[in-house]
Each structure stands twice: as C-alpha cells, then as structure tokens.
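Same chain, two partners: chain A is paired with chain B first, then with chain C.
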Partner chain A sequence: MTRNDPIKHFFIWPALLIVLLISIFPLVYSLTTSFMSMRLVPPTPARFVGLGNYIDLLQNPRFWHVAGTTTLIAFISVGLQYVIGLSVALALNSKVPGEGIFRVSFLLPMLVAPVAVALIARQVLNPTMGPLNELMTALGFPNLPFLTQTSWALGSIIAVEVWQWTPFVILMLLAGLQTLPDDVYEAAALENATPWQQFRDITFPMLLPISVAVVFIRLIESYKIIDTVFVMTGGGPGISTETLTLFAYQEGFKKFNLGYTSALSFLFLIVITVIGLVYLAVLKPYLEKHK
Partner chain B sequence: MRKLLLASASLATLAMGSAGTALACDPDYTGVELTATTQTGPYIASALQLAAKGWEEKTCGKVKVVEFPWSELYPKIVTSLTSGEDAFDVIAFAPAWAPDFTDFLSEMPADLRKGADWDDVAPVYREQLMVWNGKVLSQTMDGDAHTYSYRIDLFENADNQKAFKAKYGYDLAPPKTWKQYLDIAEYFNQPSNNLWGTAEAFRRGGQQFWFLFSHVAGYTSHPDNPGAMFFNPETMDAQVNNPGWVRGLEEYIRASKLAPPNALNFSFGEVNAAFAGGQVAESIGWGDTGVIGADPKQSKVAGNVGSAPLPGSDEIWNYKTKKWDKFDHVVQTSFMAFGGWQAAVPATSTKQEAAWNYIQFLTSPAVSGQAAITGGTGVNPYRISHTTNVDLWSKIFSEREAKEYLGAQKEAVTAKNIALDMRLPGYFSYTEVLEIELSKALAGEVTPQQALDSVAEQWNKLTDEFGRDKQLAAYRASMGLPQQ
Partner chain C sequence: MSVRTLKGKRRWLALGGCLIWLAITFFPLYWVLITSFKTPIAVVGGPTYLPFVDFEPSLTAWSELLSGQRGQFFNTFWASTIIGLSASIAATFIGAMAAYALVRFTFRFRLLSALIFVAIAFGGFLLGRHVLGFGQGISLIYSFVAALALAIVSSRFRLPGPELGNNDIVFWFVSQRMFPPIVAAFALFLMYTEMGKLGFKLVDSYIGLTFAYIAFSLPIVIWLMRDFFEALPVEVEEAAMVDNVPSWRIFFGIVLPMSKPGLIATFMITLAFVWNEFLFALFLTNSKWQTLPILVAGQNSQRGDEWWAISAAALVAIIPMMVMAGLLSRLMRSGLLLGAIK
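Moving on to the complex of A and B:
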C-alpha cells in the first residue's frame, strides 16, 4: 500500500467520523440547548430564545459573583501551589537524605479523591470535635468559624486545594528539574555564580516551559472546582463560596433549567478560553526569549 | 390400563400441584415481574427491597428495584411518565414532586381504600398528602413530621429545675411555645461545660429550610386560614415576608446562636450527632433523632431521650386581616416537614393490579412496622399502629422513651392544626432562593426582613415565570383546597 493508495480512506474515515460524532455531537447539542428555554421542572416545552439565556446570565449578579469567587480561589491557590511546589521540588532535587520517602509522602494527598479530602478537611475544621479548634482552645484562643464566615471559608477551601494539588506541581517540576543538563551548572560554577544566580538565570528560565504548562493545567482544573466546595461549605454562607461549576450544578441538577445551564457551560468555556489565551499571550515573549 | 393409570396419576399430581401453588401464591402473580424505582439506598430503597422479598414469597411474583441517585431520580421518572413509556410499575418519590406526576398516575383501587389497614394510616396522609384533586393517587410509605427531642437527665436535674425557675419564672419542662424553647436553649447554653442549648440544621443544602418552616408554621399556620402559610391561596402572592415569617426567622437565627459553634454548617446528620453526642439539651427534627439518640452504640445519652410535639404559639399571623390573632391557649402546630416518601403506580403500567398489591404489602402494618424500627430504611411512623405498639419499639427504647417518642409521633400526625409542606412545580427553584437568602440572614449579612423581602420578590417572579394560574391550581391541590 502506497501513501496515495485510496484504500487509506476506508480505514481513516470511519474512525474519524466516530470520534467527531462522539466529541462534537454533545457540544453541538449543548450549544443548541443554550439558545432554548428548556426546563424539566416544571416540564415546559422547549422554546427558541436566541441569546436570551446568555443575556439573563450576564445580567445576573450571581453569575459575576461566582465567577469572581472562582477566579479568586483559582489564582490564589494555583499561585501558592506553584511557589510551594517549586520550593519542594528544588529541595527534593538536591538529593537530600530520605528523599525517596519524602517524594512518596508528598504525593499522597494527590492520590486521595477530592470528596474524601473535603470530608477530612470538614472534620479537621469541625469547631467542637476538630483537632484544629481543640488545639486553639488548649492554647487559650477562641474557636474560629472556619467554614461559616466568608473569609475563613474561602481561606479554608484555598488551603485544602493547595494541600491536595501542590504534589502534582512538585511531581511535574521535579521531573523538569531532573532533565536540566548538568554542564550548564558546571559552567556557571566555574564562573563563580552564586546559587541564587544559578536559580534566577538558569533553573527558572529553563523550567519556564514546564512551569507554564503546569500552571495552565492547574488553573483550568481549579476553575472546575466543585467537590471540595460542595462538601465543605455547600457554597455558603449565602453564595459567598459558590463556584461556577457549583452554580451550574444547582441550575442543572436541582432546578433542571437545561437551557440556562447550557448557556452557563458555554460562558464558562469562554471564560476559561479567554484566560488561557491571555495567559499564553502574556508569557509568549518570555518563552520565545528562553527558547 | 397402564396408560390410563399413568394419566390419572399425572392429572392428580397436576391438580395437587396447582392446589399447592394456589396455597403458596396468594394472590398468584407467577410470571409477573414488577419494576420499582427510587433513590439509591439504603434509605427507602432498602425498605422496597425488604418488602419485595416478602412479597415474592407470598405471591410468587418478582420485584426488580431500580435505584437512581437523588439528582437523577426526578428526571428519570418525569421523562418516563411524560413520554408514556411503560418503564416503571411502582415509583417511590418525594412528595414535593407530586404536582408534576399526578396527571400520569393511576388511582388507588377502591378495595385498598377501606378496612382497618386503611383507617390505620394517619388522617393527614390518607386525607391530604395522598390525595390530589379528590383522587388517591399515591400511598405514603414513610412518615415525615418534625418533633422535639430533649435530654431527660438534664431536665429532671433538681439543680437545673430550681435555677431555671428562678431565672425564667416557670417550671423546666418540654416547651409549649417557641419562646420557651429559646429560654431553655439559653439556659442550657453552657460552653464551659461542653454543653449548648439546641441543634438545628442551618447549612445551605443541609435541609435547613425545613427547620425554619417548623418555626414559621407556629406563627403563620392559622387554624381559620388553612393552606396560607407559603402563598395567598386566592392570588398566589408569596406570604414569605409577612410578620409571622419574620418572627419565625428571627427565632431560628436566635437558635443558631444557642447552638454549638459552627452550627451554621450543621445539616440534619450533624444535628443527630450533636444530640446523641450529648452536646445539646434539646433539638428539633425528624424521628431519626430519637432513634439514634436511644441507640447505645451511637449515643452517649441513651436512656435519657425525651420526646414531645413541636412547640406552638398563642399568637398567629392572619394574612387576611394583616394582624396578629391572639388565642386564649397555645395552638400547637405540627409541621409535615418533607411529608414522607410516596409510592404510586404510573397509569402506563401494564401490571397495575400486581403493582398496587405490592404497595399494599409494602405499607401493611406488619411490614411497614418492622421497617420503621429497622435502622437505615429511612421509614418513620405514618400509621397509628406504628405509634401505639410499644412492644415493637421496646427493642430500641426504654419504656419511658418509647412512650414519649410514640406519643410525640402520634401527636405530630394527628394534631388539630397541621401545616403541610410546600409542594409545587419547580419546588427546588423556590427553595434554592430561600436557602441563599437564609444563609445570608444567618451570617448576619442582611436582616431577616431584608432576606424575606428578597425571597418574596423572587418567589413571585418564579410564579409568574412558571404560570401563575397553573401554580395556583397546583398549590391549592397540594394544600387540599378546592379549585377556584
């Protein structure tokens, strides 16, 4: 069989069509639904409303509030994950004694299901039976409203996110660090470069491509946060810790407002895409520079 | 001759066999397989499965219980009903969904609606919750009304009795009014002794609004104006921001301050844990609190679990005159929180007779009585016999606990003034609005009046969006009021 043999179409097209059907059809169906007024509860016949759902959403203060909350959680937690993750990865890369044990134990939180992590966190932060507040009481401090006051609740969710996902950042950055060539460092040492100079001018720039990818992946994942929030605060108090995905869940699975939920999903997709494009555009010059 | 003898023997064997089948299968549903659906177990699903086993032995039929997660159950049922598909023979569902299902359900056969077993079902269920526009379309399979629980040891402690009387001027006893309920909570709120006043669900998404409804029912469920707690039954205007609701919400918020720290994160599970863990002196909630509290394996207060009906009020808001009506006695108002799971047979089922027979077996006094005392079935008392058979309950309660628990359960479903829960198309849209504003009020971000004004405005918008006339008709039917 040569490269131009028409038989290739016989093998390629069915697979391509199946993939397209599986991946594109739900998207097209969901996009169509987003232009309809469609409710399962109370059952109402589908009606074309054009951009009505999108306009309603953009005029809904709750949408902007949850988008803001999600952005806050995503940016702060990913920022912390990167800083802590890079520090730990650098430490582990220095061949410290017992590095193997550290590596395994640091990875454990990432392997636990987010719902289980959130349940553990809820227990740890429990005001009467939780070890954290028991310690506070023993030290003479008052109990803290970890999950019931907006700022504390947001802080608790961010802390849990950081605890669970920093290992992922460590894993990726450590892999990146281990691929850096030794001869560059040897040359820098000959030039009497300090460890800080080596980090600033060699390690960090050379790690930039993988850093960009890791932060990008974590940002997208953080924007999808639902399980931790659902279990820890249920989005409360009020809607102060509600995230975009939890909002979509409430609309879709509690109110069965399918048209509105589809529009919300597409707005969510647009938000993520815009953030991704802006992020890559901002970092592009740096990536080009250190290519 | 041999052939004749063989034929006779075969005939005799067949005759005996069929007589045997008739004896074993009563009624005989051999070859009939029913498909029943409900939420993922153990709650309710395990009750259906336990009954299925007994029914299969009795009738030789088969029951396949199909479970769906809570969030999937409604769309699965509603799509099968509206499409006319014969997917399920029995559906077990939340009463709030009834308005969307009733057009597609078969009526309960007349012979099931008479006799001792029928009369044994508490009147509030058989006359109101199972009835839609004059037709019995479902059978209650679980009773759900809020009651009051308290710690007998704390209430009967001589020092507490003396100190309480000195402070409040009346005897320490299960409260008759909501004000007394808060006084008791205030008295026992002693964090230094690791004891708090009360526990209720305050968490958004954690059944919180049913606890608010219990407070509010005492101030808004006027005996002369039935069915007017949530909406004006003439116009469908939201009543949720009237002074009765505001008072109920103020007291609910006050209760949150007399509860263990972080109680704002309590759902009903945490309420039970706090009561059974000996952290609180009293609480309100479903019957599970008493059952869990009395179980030595789960509780530190076993043997000291007292029960009583919900408190009431001698002042009730009259939505017609827009004034508080003063009564010369305390009106004890019972609130049917959630209302209890319902079992029904879709009109599309081709096995309706067998399906109703299975429901009859499932909800019979013997089978349902056993389910009510079996942990994990989620079945609470809904028959009078469930609340009178002390022997049945002595397996889990002491004699005094059983007497008080059953007394409270019985009074809850037979009270003169019973407030029914809201059952409306789009139920979760209404309750979600309430949950959000409630959480804000509990966190002190808005005043009770501001929160409820916002809820009223949004409820009225939802009503208009769903169709005011349609919603009004459904609301009146759900409250047992004749159509206008």
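Moving on to the complex of A and C:
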C-alpha cells in the first residue's frame, strides 16, 4: 500500500536530478553521434549518414562474433555463479560449523579490483611460473595453454568471473534466506518433509524474487565485461575472446571512430534490453504464481 | 537451534563443500601475497609455495613501492579513500531516500511529460549546438533546465496518454545501468571538459569523479534498498502515522534503523564498486585524483612480467577492502541482531 504526501518529492528528487543530469548528456551525445560519420583521428568534420553506421555494423561479421562471445561468457558464468552461490548460501544459512568465518571470507573476491584479479589470474595461469600448470603437469596433463588457445582462454575468463562474482550472489541470497520466516519450516518439519522437498517447495519459490533480481543484475554487469578480458588476454588469441565493450574500446579509442562506436553502443544497449525483457517475460508467470 | 539447521551426514557434506570453495577463494589471494615477498629470481625460477620452506621471503618489492620508486602511491591511496567513502555514503543515503519514496509513496505522471523532457533535451541540445552555435556545455545547461521546467509544468495539466507509476521510475533508474559504461565515460569526459571551459573544473577533480560515481551507483542502491524496504513490515509505520509522526521522522527514526543490515550491505557493495572502478577513473582523472586501479593497471604495461612488484601494487588496492569486509561483517552481525524484526 502506498500513500500520498508532498514530502515524497523531497525524498526522490536528489536521486532523480543527479541521475538525469549525468545520464542525459551521454545519451543525447552518443545518440546524435551514432547517426553521423565522425572521426577524431584524422579529424574529419561530422557528416550526417543516417543509419549508415548501424548497417555497417550489422553487416560486420566481427560484431556478431563479439556479441556471441559476450553472450557465451555472460550466460555460462552467471549460471555457474548462481548454482554455486545458492549452494553456498544454503549451507551457510543452515549453520555449518565455522559459518562465521566462511561468511566473511567468501565475500573477499568481490571486493578485489577486477584489474588486480586479472593480474593475479595471469600469474596463476602462467605456463612456466604459475602454480596451476605445475599441478596439471603433476596430474599427468600436458602444459595447458590457458590464455593462448581460444577455448581455454574463454574457460579461464569464465572461471575468473565465477571466482570474482559468486560472492555477490552468496551475499544477496543469504540476505534473502534470512528474511524467510521460520514457521513455514516448522510446519514442514511437522509434516516430515524431506530436506529436498523443503528446498523445492519452500526455499526456492520464496527465494525466487531475489534470485531473479540477482541473476538480472549479474547478467547485465557481465555483458559490460572489459577490465578482466583486457588484462588477461587483450581479446586474443586473435579476436576470439573479444567482448562488446572491448570492441567498442578498440573502435573508439584506438581508431577514434566516434560515430561507429556510438552506433555500436546503441546496438549493445538494444541487445541487453532485449535479453533483459525476454528474461523478465519468461520468469513473470513463475513470479506471479508464487506471490 | 533453528529448524533449518542441518543434521548428521548432510552437515558434513555442506562443510566439505564450503571448505573446497574456501580453498578456491583463498588460493589466488594467498598466491599474490607470497609473490609480493619473493625476490625476482624466486619468481622466475618456477612456482614455490611456502615462505621459509621453499623460498626466502624478501622485502624488495615492498620497499621499492613504499619509497615511491613505482609512482605516487600515498597520493593515489588518499584520493581513492576520500572519493570512495564520500561517493558511497552519499549514494547509499540519497538512494535509500529515493527507494523508500518509491516503496511507500504514490508517484503518478503521464508518459507524455517524460516524452516532453526527452524531446526538449534532445531538440534544445541540437538547436543550441548546430543552429545557434553555442558550445556543448551551454546548450546542455539550457536544454536541461528548459526540458525539466517544461516537463514539471506539463505534469500539472491533465495530459492524454498512458499513466506511469512507481515501477516505471524504478525501471528507468535500473535501466541506467544497462548503458555501456565506455560511451558514458567518454561522453562524460567531453561534458566535463565543456564545463571546464565555463569555469567549473571537473576533470581530475574531487567533485567531478565523486559526482559521477554517485550517479552510477544510485541505480543499484535504489534497486537493492527497494527490496529491503519492501520486506519491512508496514505495520510499524502505520502505527507511527496514527500517532501523527511526520513522514521524515518515520524514515529517519524508524525505517533507517530497522534496515541497518540492508544499508550496510548496500554501502559495502557501493564502496567496492567505486574503489575498484576503472573506466571512469581512467577518463575523468589524470594526476591529482587518480585512483588505485589505474595505478595498478599501469604497473603491468610499464614493467612487463615483474610479478613481485605487480603483486605488491595489487595488494595495496586489495588490503583496505579486506579490512573493511572484516569490520563491516562484524557490524553487520550486530546490526542483524538489532534489526531482527520478527
């Protein structure tokens, strides 16, 4: 139930003004630029080209490749983050021994700068100086090309993403689990429901709203991935691990092709919006069923 | 003992899983810590794992770092701290207010008012920039003020078209996070440069970077705090309203203390985001207010595979967040007890 009170304006306007002010210029600027041919190096005067940049991009196989790579990284890593995060949150919520220590230490990776994480990953995955390859050799594998072969490089990036962002999922789901009322579980215990039944019929449905929110946030953030890839592989080998933001960076700040970059970012925005809307539309019936 | 506590074999299985995840979490951190104490020769010679057992720890990397041989660490550290704390406190506070308003108050406006805002903002900017020949900064300010004023005035009238409510405002806030940050960072840099020409120094300034961080943290703060406020029981507030307690006192005196765990979690996420943020700091600062991630990333390109030095630099960026996590988790546990609403 919501109420009406003039004080509401005092509450909402600071946030509204700040976000409007900071967000409207990038929007106006890049949307107008996306319809122009505009380069800074060599400096060429802005020329209106209509949808030219967009058509160029849609015909560029590199764009589709990059979009595919980003989608692959985002979906696999967020999926793994959710599965691991939910398991750990459930374990912590059921008071495993040493729960207090786990709770603090599991948050740590989230707090490390992605740039630093990528640098650490490069050390750990280094073919000669890194510990992981030594372990693999000891287990009888050949020296693995973690960062220099496409599938291994993609796997390494996904692993780093999972390492860094599962804590976020744990934090949010744990907060959600703690708000669930005890009496439902007491009733379930009286009915002799097995732990699996309790999870399937109580915990998971009641946790669904916050799960949807967490996965949504992580998906959108994962689509913007740049720092990790930039430091770990630089998009290589070739362009096989290049992501959308990295592609935009290459076009915008190596080639200073501003019109093309702006068009790219709007296509990027459309891709994310479509994925977000589809995601919410698919999940809506479930959310309403359990309300 | 709660009903949800696991018993018997399952408890040990859960413990085993947690221990495995703990090892995965800690190994890279342990690795960067010991690498920072290795000598260059020990690093190149292949992986070693235990200090004093298979390598002799040395302070080379740290003494080089602290004596300033690898850039202005103290300055950068200070800049990161001030900007991080002020931006995340401000964002949590302003965002919590907005989230509360969106959960408890009714907002209604016509889609047409929002469209008027967008149209005037775009049109005014293009008009000022390309027809009247103003600078980008001036045309932006004029068109923004005009658009806002017209949108607010228009919302006073009964306009046709669909009506929007609280959920649409939340969606608008959250959708701001979808915008690719690389374009936002570059456009913001242009905007700040234009403002600099008008006499407001925003590039490489405290205000400029902090303001950008507040704006980019707000959507996530509003989204998170909204969930926490929605979970609060409305009865307490209704009881207060019966006693004629004004809304602002309900918010500051009752709602904020009750949602302490949520506020702390949100603050922590915001601080981590601001402290570690790379792109905006790269574009909006150059020397005085440069933050740690830029300095750390610079170590790699400047010095190649000097892992001992890179590790020490990375740790300077990592350790404060670890300390904060320890402090806040303690706060959070006591906060959770205080805020137990059941």
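Keep this in mind: the second predicted complex is superposed on the first by the 266 of 291 C-alpha atoms of A that agree within 3 Å, B and C clash if a C-alpha of one lies under 4 Å from a C-alpha of the other, contacts with A are read in each partner's own complex, and residues count from 1 in each chain.
As a working rule, a residue touches a chain if its C-beta (ideal position, glycine included) is under 8 Å from a C-beta of that chain, and two chains touch if they have at least 3 such contacts.
Being a predicted model, the structure only gives us computed values, none of them experimental.
Enquirer: Once the structures are superposed on A, label A:58 by its partner contacts, choosing first (chain B), second (chain C), both or neither.
Expert: In the superposed model, A:58 contacts neither chain B nor chain C.
Enquirer: Touch check for A:83: first (chain B), second (chain C), both, or neither?
Expert: A:83 contacts neither chain B nor chain C.
Enquirer: Check the residue A:287 against both partner chains and state whether it touches chain B (first), chain C (second), both, or neither.
Expert: neither
Enquirer: Classify the contacts of A:186 with the two partner chains as first (chain B alone), second (chain C alone), both, or neither.
Expert: second
Enquirer: Decide which partner touches more residues of chain A, taking chain B and chain C as the two options.
Expert: Looking at chain B versus chain C, the one contacting more residues of chain A is C.
Enquirer: Of the two partner chains, chain B (first) and chain C (second), which one does A:108 touch, if any: first, second, both, or neither?
Expert: Touch partner of A:108: chain C, not chain B.
Enquirer: First (chain B), second (chain C), both or neither: which does A:149 touch?
Expert: The answer is first: A:149 touches chain B but not chain C.
Enquirer: Check the residue A:277 against both partner chains and state whether it touches chain B (first), chain C (second), both, or neither.
Expert: neither
Enquirer: Under the contact rule defined above, give the chain A residues that sit at the interface with chain B and also at the interface with chain C.
Expert: In chain A, positions 126, 128, 253 sit in both the chain B and chain C interfaces.
Enquirer: Taking the complex as given, what residues does chain A use to touch chain B?
Expert: For this pair, the touching residues of chain A are 39-44, 122, 126-128, 133, 143, 145-150, 230, 233-240, 250, 253-257.
Enquirer: Chain A touches which residues of chain C in the complex?
Expert: For this pair, the touching residues of chain C are 2-6, 10-11, 14-15, 17-18, 21-22, 24-29, 31-32, 35, 43-44, 46-47, 49, 94-95, 97-98, 100-107, 121-122, 125-126, 136, 140, 144, 148, 166, 169, 173, 175-184, 186-188, 190-191, 211-212, 214-216, 218-220, 222-223, 227, 231, 234, 241, 246-248, 251, 261-262, 265, 269, 272, 275-276, 278-279, 292-293, 296-297, 299-300, 305, 307, 310-311, 314, 317-318, 321-322, 324-326, 329, 333, 336, 342.
Enquirer: Where on chain B is chain A touching in the complex?
Expert: These residues of chain B touch chain A: 71, 74-75, 78-79, 82, 99-100, 194, 203-206, 260-262, 264-265, 279, 425-429, 432, 436-437, 439-440, 442-443, 445, 466, 470.
Enquirer: Touching chain C in the complex: which residues of chain A?
Expert: Listed in rising order, the residues of chain A that touch chain C are 1-5, 7-8, 10-12, 14-16, 18-32, 84, 87-88, 90-98, 100, 102-117, 119-121, 123-124, 126, 128-131, 134, 163, 167-168, 171, 175, 178-179, 181-182, 185-186, 189, 195, 209-210, 213, 217, 220-221, 224, 226-227, 231, 244-245, 248-249, 252-253, 261-262, 265, 268-269, 272-273, 276.
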